[in-house]
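Submitted below is the structure of interest, expressed as structure tokens.
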Amino acid sequence: MTTAPEHSPTMARSSVADRLAPYAPLMLVPVLAIAGLIAVQNPASWLTLTVSGLAMGMMIFLMASGLTLVFGLMDVINFGHGAFVSVGAFIGISVLLTLGHLTNAPSLGLNLLAILAAVLAAMAATAVMGWAFERVIVKPVYGNHLSQILVTMGGLIIAEQLIIVLWGPEEIYFTRPEALKGALTFGDAAIEKYRLVTVGVGLAVFTAMRFVLRRTKIGLIVRAGVQNGEMVAALGYRLRLVFIGVFIAGSALAGLGGVMWGLYQEVITAHMGNQAMILIFIVVIIGGLGSVEGCFIGALLVGLLQNYVAFVEPKLALVSNIALMVAILMWRPMGMIPVVKAK
Amino acid sequence: DIKIAHVYGKTGPFEAYAKQSHDGLMLGLEYATGGTMEVNGEKVVVIEKDTQLKPENGKALLEEAYGDDEVDLAIGPVSSGVALAMLPVAEEYEKLLIVEPAVADSITGSNWNRYIFRTSRNSSQDAVASAIALAGDNVHIATLAQDYAFGRDGIAAFREALAAQGHEIVHEEFAPTDTTDFTAAGERIFNAMKDLEGEKKLFIIWAGGGNPWAKINAMDPGRFGIEFAGVGNILAALKGFKDFAGMEGGTYYYYELPDNPVNDWLVKTHFERFDSPPDFFTAGGMAAGIAAVEAIRKAGSTDTEALITAMEGMEWETPKGTMQFRAEDHQALQPMYHFKLRVEDDVEWAIPELVRELSIDDLPIPVRN
Amino acid sequence: MSDLPHTETIGDPILRIEGIYTNIAQYHILQGVDLNVPRGGVTMLLGRNGVGKTTTLRSVIGHWRAHRGRILFDGDDITRIPTANIARSGLGFVPEDMGIFADLTVEENMVLAAVSGPIDPARLDWIFQAFPPLKTFWTSEAGNLSGGQKQMLSIARAMIEERKLYLIDEPTKGLAPAIISTMARALKDLKDQGASILMVEQNFAVAKALGDTANVMDDGRVIWSGEMAELAGDPTLQEQLMGLSMEAK
Amino acid sequence: MIRPLLSGDLPRSRVLALLLVVILICLAFAPFLFPGVRTVDTAARICIFIVLVASYDLLLGYGGIVSFAHTMFFGMGAYGVALTSTHMGRGFDALAIGSISGAALAAVLALLIGLFSLRVRAIFFAMITLAVASAVAVLVSQLSGLTGGEDGLTFKTPRELGPAFKFGKETFDGTLFGIKLNGKLLTYYLIFGGSALLFLALLRVVNSPFGRVLQAIRENDFRAEAIGYRVVYYRVTATCLSAAIAALSGSLYAIWLRYVGPDTTLSMTIMIDILLMVVIGGMGTIYGAVIGATLFVLAQNYLQNLMGVLSGMTEGLPLLPELLSPDRWLLWLGVLFILSVYFFPSGVVGRLRGQR
Amino acid sequence: MTAPLLTTDDLTVRFGGHVAVDAVTCAFHAGELTAIVGPNGAGKTTYFNLISGQIPASAGRVMLNGQDISAASVSARTKAGIGRAFQMTNLFPDLTVLENVRLVVQAKARRGFNLWSVVTGHTDLMDQAEEILARVRLLDERNQIVSELSHGNQRKLEVALLIALDPLIYMFDEPTAGMSVDEAPVVLDLIADLKAQTDRTVLLVEHKMDVIRTLADRIIVLHNGALAADGAPAEVMASDIVQEAYMGRGLEGVLDHV
């Protein structure tokens, strides 16, 4: 068999900077933490702030992870995401409230069991809801951002209203399972027990998502599908199914995030999810659309920065997230770890 | 007929308050008219209007009420922002607006005009009541509030009230209105208080979500001997306070606190009709309803000027006992309650127990218009 | 000239298009296309710009739907089944616009193309021999490839796994002569593996060299079909079918 | 005569033309056709939002630029009038100065934001505008001394624009077709006239060569640059223009309400509403703004009443009254959003003009 | 010999480590048609991108009429007289064929920033646009939406836009790729006419030998980004580099006919 003529494009060694670039975002977290220590000075406070900041980051990540899939990969601007968070919270918490005997027992095991049950219920519910959402609301508007905003807003409102119909308009206050109340203290530093749980869950979800997206073609199919669905089909993939699947996964994750968030807030309202949306969008954007890693790092940064700033100069806390976003976008207009070229 | 417009945010985040307020109003009218719904032989008709919590709507709807529906007086709204937008309309149409339950001081303060009466408490009253409840020698008080006009005014009023009794705040913390993570605020407060001797109290004024009590409590302020204090709250919120047994402060209402026939009737009827106890805004709404009826009776007509003269200084009975419209700024002076939280397993919420009732005379509420 | 060995067209055609009519929006594009692709043969689809060649291929893969007529692939009617299933039943497709996933790397493009599992290294080497740049730029973004390299990638994607039939729309546009000949080789290898090819081509020389049978279209119909050699040998026929004789230019 | 007025951009659909004429007539004679404070108020809002939405469509529909700062500019106009009126005292000079300075400031701010961020990707601009907008919102609530914070500002407009001011006493003793001739009427026609002018101006801009270039840039900015259009300049100009017009409509709103507040002019909800109105009406056609704004504002104001009636009729049926109760109006608004996309994927105008 | 219209000095660009265009120094004179050949990925399109400014050069200069335009923006270069047609068809897909051309004419006439006149008033622009469509035989499709054109016709429109721009430097990137045997000549004739205009210069990237033979006055060869040969068609075509790297010597096959 004949071969083509020799083909040898000139290759110069790429500079050190080029080769380090990919790891820069990872470094930001420790860098920020150290900067925090310098600013905060008092180490006990610093420890408290840092741990709780990281935990807060994890919770934000949990809520945002679903959106990286749906907004990042599938390029669907889903204003309804917040609704899934709320619904997740309501279902989860309702389940929790029925499991009084498990939650009031001062045993960590039983409490976690109860939470697990709540989470599963919430994820199941939001998954189903996600499926319906995709079929009825999102399907007609793939590729059309503005219609997406319109319909998902509609979906959001409907979901919120239904929550009000079913659970009534009052905020629902409750208290966390016994073993998760209060904090562990080291000297003057206090680390809330519940936040440790969220760290665990956050890490678990993060690794799981990474694994799935790296080991399977799903991520590729979705990204390719957004660019050129016809071609993906012509290669032999049932794009619809993949999209539905991913959307459902995203919704279920939102549900999970909702439960964790609700448990943190210890009060749930129909609007709680939507109120978190701006933050969630920010995290997804600075992370780089579609990147789980980026979203994760972004969430941690937001969590930490909020705490440090609020401690050092509360007034600035009002704008810290926004400032962070602007700074990062100026550094990398595509976000920290861009996976999809946002249009 | 006597037409009364109830202009309030039926839908939106305050839906729950709105419902209470309206139920209360209707109960008030019913009670005051002895169930006949008639005053001076005229039927009382209530027209509901939903502001959707939008100030511009509040304005338009009130104009509609005065202009098109030609109501004799209007009552509402829930949110202060809406209320402030509505005030000038009353002046323009020279008709009465009884503000209930919006709380901003400026409604009966800088933005007040003579057509405005308010039956609900203003935020100073909360603050002052709490100040009186909490103050004491060798008590150190820090405050946490939202970083905007409402929060800052509240703390200011609280500060003055404390000062009036020769005490001061050791640390004032303000956090953004949408704060969700209170670790930083908590740390700052702890650092400010941990080395102090004696009783330490953290006084929190917080409207809407965020739930700072639970979050700071999770940081175990007990290790520095810091206790919580705050203004009272609605039943729904009290459910979140079951971990706060012993928390003290001044509150506006809790159905077991007042002891008077009006309240007895309200509690009884409310259980009958909605089989739940009445709450903050039910009581408030009722007070407003009764006030309207009493005023019309006293004035003998619905002529605005007559009503104003009748109402200035008027005293009337409410679920919170006797209230009185102060002539200067038409703010209803009213008793408040110094409470301490008790927890019982079979009650869903933490129960505010009466420490003592703070009568009108105990409460030096500044005139600010 | 056609010294390339002609595989005899054995048995019934692998693809049989029976009088399909395809509309796009309000336009009637295809008006009764009849066309057969013999097994193990290379069939050329020729014709002026805008006569419906691409539309025909797209109708086969199911991107446009024929509202009349039938398309039989390997005996079964695929006129109405979903594109993905058509593809999985053994069709490889090289679209006119190459359909590159610009945001994905060359590697990712190929990984996706290998539908039924991981890439077979041997076959990949064979592809690399035909299209060396793909190896060089294996890890770079496909969107940054040169025009020709994109074309190579598009063809390579279709070839990465065995297919019964390849639909190839103007593969040589933008390819340098050297690559055209290696591609021609690769296509012949495919043929020798027993695959069949339906190919749209504007470059008549390539068509002449590769084609066994030919079909010429004009506004929405196949107006001539027969042996490629016959068409190649007859300038006047070309003249009347495609407006201009090759030899003239 | 009409053609030049509409800059040669005719509705191109009988139904659409009819709708537009009806809307025009209703707005032009609102005070007489539907006397009543509330209805006239609704009409005025429709006028104002038509302009606001149209100005946003210039950006989004024609320029393909997504901005979340449009309410900010809207607010700048509104606060401009409010501040001048409070500090300079009531008077037309205050209104004029307020409006103009508001518009000017808006344009300048837009210029800065644009030059800073329009060179980069679209989403970057979107996010920056989001950032700036929320920062400004924070600022407004912080500077409560100046802006009245969350509570906003209530102010007085010239006496001639107040209900107290009556005119036309001698000619037709103060009423026309049974409508009192007072300042409120004047204000309405001030709003109506102003809106009409701004609208026609926008119509002209989008049909100018400039407008066409914007479309081209939306389609393919890369190629637009390659045929010699400096894309950034066009985008920035469009941004400033729409910002200024948004500000002016804000001024009109303030004049009408005699009140400004964050929730009324700056809130994210209004931003979303604008988006929805654009999409419902149909992007890339200024007429879409008319339809979108009208439908949306009407829905916001009267859906509740309608449902009141419905729930009344469904009395007794299970669940339905609960769902139809006026308090659930938002639920049905949501449903409307979704249906509107089902039936008008390219907006009402797009549909009427027979696109997919 | 007259001063060159366009020159590139040491023009270089690196993508990461990859040197796509490697210190290319070359001059182009008025009235001359230069064919640029080279294997796929040799850097031809990138070379064009550097000249027209789509990609900033890592090193080197671009001179137009003796002025350094290396720093100028794309649009500025276009206004200065550098025009190009793209290899990957690159049009305004949802606008009509006519509007596509009209936009170019409008740009040429510098009327873009006219905010207050109604577009349909500029009839002269319309007429010019139609005249150009007639020249590329697209007049009948003038009101079609571009995305609905067949590939070949889109290629023709691509060329039409460049003709409409009427620049000093014409850069064609495989203009006839995907054009049928009866359409290609139309475009090729247009290009031939351009040669006649003595104050213009034409750069043409093509893979079709016959086209190059008939049109080119001069051929330059790019290989792995570097300038590998430059001269009269006959000798360049005969050179080893072209035969091996480009035509692929030793590959018997279809080439001789291409």
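Order of writing sets the labels: A, B, C, D and E. Residues in every chain begin at 1.
Quick note on the criterion: a contact is a pair of C-beta atoms (placed from the backbone, for glycine too) under 8 Å apart; a residue touches a chain by one contact, two chains touch by 3 or more.
Not measured: the values here are computed from a predicted model.
Colleague: So if I look at the partners of chain A and the partners of chain D, which chains show up in both lists?
Modeller: Looking at chain D and chain A together, the chains touching each of them are B, E.
Colleague: Mind listing the chains that sit against chain B and also against chain C?
Modeller: Output, common partners of chain B and chain C: A.
Colleague: Give the label of the chain whose average Cα location is farthest from that of chain E.
Modeller: Centre of mass proxy via C-alpha means gives B as farthest from chain E.
Colleague: Hey, how far is the Cα centre of chain A from the one of chain B, in Å?
Modeller: Centre separation, chain A to chain B: 38 Å.
Colleague: Taking the mean of the CA coordinates per chain, how far is chain A from chain C in Å?
Modeller: Roughly 44 Å separates the two chain centres.
Colleague: Measuring centre to centre with CA averages, how many angstrom lie between chain C and chain E?
Modeller: Spacing between the chain centres: roughly 28 Å.
Colleague: If you average the Cα atoms of chain A and of chain E to get two centres, how far apart are those centres in Å?
Modeller: 47
Colleague: Could you say which residues in chain A touch two or more other chains, in rising order?
Modeller: In chain A, 2, 4-7, 9, 318 touch at least two other chains.
Colleague: Would you mind listing the residues of chain E that make contact with two or more other chains?
Modeller: Where chain E meets two or more other chains at a single residue, that happens at 18, 39, 41, 245-246, 248, 251, 253.
Colleague: So which bits of chain C are touching at least two other chains?
Modeller: Counting only residues that touch two or more other chains, chain C contributes 133, 178-179, 181-182, 185.
Colleague: Just spell out which pairs of chains touch, all of them.
Modeller: Listed by label, chains in contact pair as A-B, A-C, A-D, A-E, B-D, C-E, D-E.
Colleague: For the complex, which residues does chain E have touching chain A?
Modeller: Going through chain E, the ones touching chain A are 14, 16-20, 22, 39, 41, 224-226, 244-246, 248-251, 253.
Colleague: Residues of chain B touching chain A in their complex?
Modeller: Those in contact with chain A are residues 13, 15-16, 19, 147, 173-176, 178-181, 183-185, 187-188, 190-191, 194, 209-211, 214-215, 218-220, 223, 236-243.
Colleague: Within their complex, state which residues of chain E touch chain D.
Modeller: 52, 54, 73-76, 78-79, 84, 86, 90-95, 99, 102-104, 106-108, 111-122, 161, 165
Colleague: Which chain C residues qualify as touching chain A in the complex?
Modeller: Answer in residue numbers: 61-63, 82-85, 87-88, 93, 95, 99-104, 108-109, 111-113, 115, 126, 129-133, 136, 157, 178-179, 181-182, 185, 189.
Colleague: Given the complex with chain E, which residues does chain D contribute to the contact?
Modeller: 4, 7-8, 204-205, 207-213, 215-216, 219-220, 222-231, 233-234, 237, 241
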